[in-house]
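Written below as structure tokens is the structure these notes are about.
For clarity, chains are labelled A, B, C and D in written order, and residue numbers in each chain start from 1.
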């Protein structure tokens, strides 16, 4: 199972802003380690954010997304205390889901 | 003097008066010097090519440390003469190498750290401190800009000699200069220094373009 | 409004202005552009994950004695973490030594948890392959001083002495490059490659530099402690390796920390 | 401020500790239950050139539009491992935003799909091997638009 994400969600003037920081190596598959051998590709491929069971953002990543991926987006609606849920899967089939309550 | 510098100086003065209570040359100062020396001796260890004895100072390093790089003028001249004596000029009299190889050396910051290997080629670290090309934006400003070096220092022969001497041993010209003594300390080979001289003096190099 | 605030305002304006307008403005220097980059990545610091890891380690029983570090005295009493880093290094009566955060954590891990010292000091820094417990603990502790003013004391004679010795280490030139800390860090408004260098004789510079470490280093993908910062400075100075948590590192830290007094601690930081 | 951060950390920790199995199942469910989930576009993500990637995204010759797409990137990146990118658009009915780095080995970095009700903007971070163009491709009302900006990736000194 993947490591926990850090998710912040805050509502202001009827718009919820979501900031997500994921813990992932995001190996390109092109990098050599200290011994000179190629580090296999290992990266998040899909991310999905949901609010009250409704999808608010979908993303697909390639190898060029930075280590510990960061996302910021906004959707209309949301109220303090309601939940935003974020999930990802990587190319090895590993996954992670975390949720956070929207703050005012 | 701009506002920033002024604030800087003012703060420096405050810090100095607030924290330095021991008199220079006093017994207390000497005791602190001795303690610092003992700690430096005991608290560093060999790692890779960087052996613990690297903390042992030569005469020049000791003098510059002691006087915070502002050595009395008679000592300064003595130190510079001593350094100049040991500059090894190329036996063939030719000071120019290949500026393209020089540019590669100038870009490389490698060499002499404990994570470098003895057999790895050392770099010149030049861009860390100097501007050498109008194209490279990532250049340091610890040393002066060397743009148009070849055009600024007289005949090619003069400019070459000036460059070779300073790269070989900058301390022969300014005892407590920030610049390493690349030839004197065996950091760069004679051929590498020639390549750097070419980078500085060759009219075709980015320095003079 | 001080100079750096003015700069920030300019930067914020330039961020919202159109790209063409910014590019055309010759008054924007490359240093400002670097500052703009830093501003743009300042939210979302992966050091948070190291802080989380450190907090877990602090609270979880561990070592041969299977106890947590919640009784560890970082100077403000057993278990007090809040604000502790803003007063370190300091003199500790029990060890009769001036200690920085990491040397103090080392004391707690060896005495409270019974972990052999060599097990910790053999690999005190995180690597790509393995996290470092003492380093993560340090990240957690410093995070608990965020926003608190640096107030490192020089009252005890040993603290004063550490500061004085630290100053001498700062100015000590040696090695194949003849470098001291002061070679790069005692002049204002200079940079190495593209990076502005803090002048530790100028309070504002010293404060900004000291209060932003430990930090997540983008180039390494790891959160780095202050002991690591000094260790890597000495590496680039072409010195031999300073022993982890040794007096040379603690005294130098004392000199740097005192010069940052009065500023709010702002770490863990995020660096290139 | 500080308090908020701490709360965030504690919640994340809780999620990390207690509900491991649930989290795995949850992720599986979330990512597979909705039929609408777009598939990872292998052809696009392994494209070595911009034309190839655009074609794989069904966007041959997208219209250049630097006014309706706002692409915010730093002019200079101190480190190519993290280059912040924000793309937003004033176009109506934005369905998709895709980010590319034209000199990376695989040029396509990330693709975002915007359901109705989500603002047409996203911020993320990409890796850049060298000075290159960051390209944003926006699909709105079934049509594709693009814009690009150069980011200079610099060599560092000891740094910070």
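Rule of thumb we're sticking to: contacts are C-beta pairs under 8 Å (C-beta built on N, C-alpha and C of every residue); 3 or more make two chains touch, one makes a residue touch a chain.
Quick caveat, the model's predicted, so the values are computed rather than measured.
With centres set at the average Cα position, the gap from subunit A to subunit C is 29 Å. Rounded to whole angstrom units, the spacing between the C-alpha centres of subunit A and subunit D is 11.
We define each chain's centre as the mean of its Cα atoms; on that basis subunit B and subunit D are separated by 45 Å. Shown for subunit B are the residues that touch two or more other chains, namely 109, 127-128, 137-138, 140.
The set of subunit A residues touching two or more other chains comprises 3-4, 6, 67, 70, 72. Under the contact definition stated at the top, the residues of subunit C that touch 2 or more other chains are 30, 44, 48, 52, 184, 191-194, 221, 236.
Contact topology of the protein chains: irregular, matching none of line, ring, star or complete. You'll find the chains touch as A-C, A-D, B-C, B-D, C-D. For subunit D in complex with subunit C, the touching residues are 1-2, 5, 9, 12-13, 16, 72, 74-79, 81-82, 84, 125, 149, 154-160.
Residue ranges of subunit A in contact with subunit D, taken from their complex: 1, 3-8, 15, 26, 28, 30, 45-46, 48, 50, 54-67, 69-77, 85, 87-89, 95-101, 103.
Taken in their complex, subunit B has these residues touching subunit D: 107, 109, 127-128, 137-138, 140.
Subunit B makes touch with subunit C in their complex at residues 3-5, 7-8, 11-12, 14-15, 19, 22, 32-33, 35-36, 39-40, 42-47, 50-57, 60-61, 64-65, 68-69, 109, 112-115, 127-129, 137-142, 171, 178, 180-181, 185-187. By the touch criterion stated above, subunit C contacts subunit B in their complex at residues 3, 30, 154, 161, 163-165, 168-169, 171-180, 182-184, 187-194, 197, 199, 201-205, 234-236, 238-243, 246-249, 251, 258-259.
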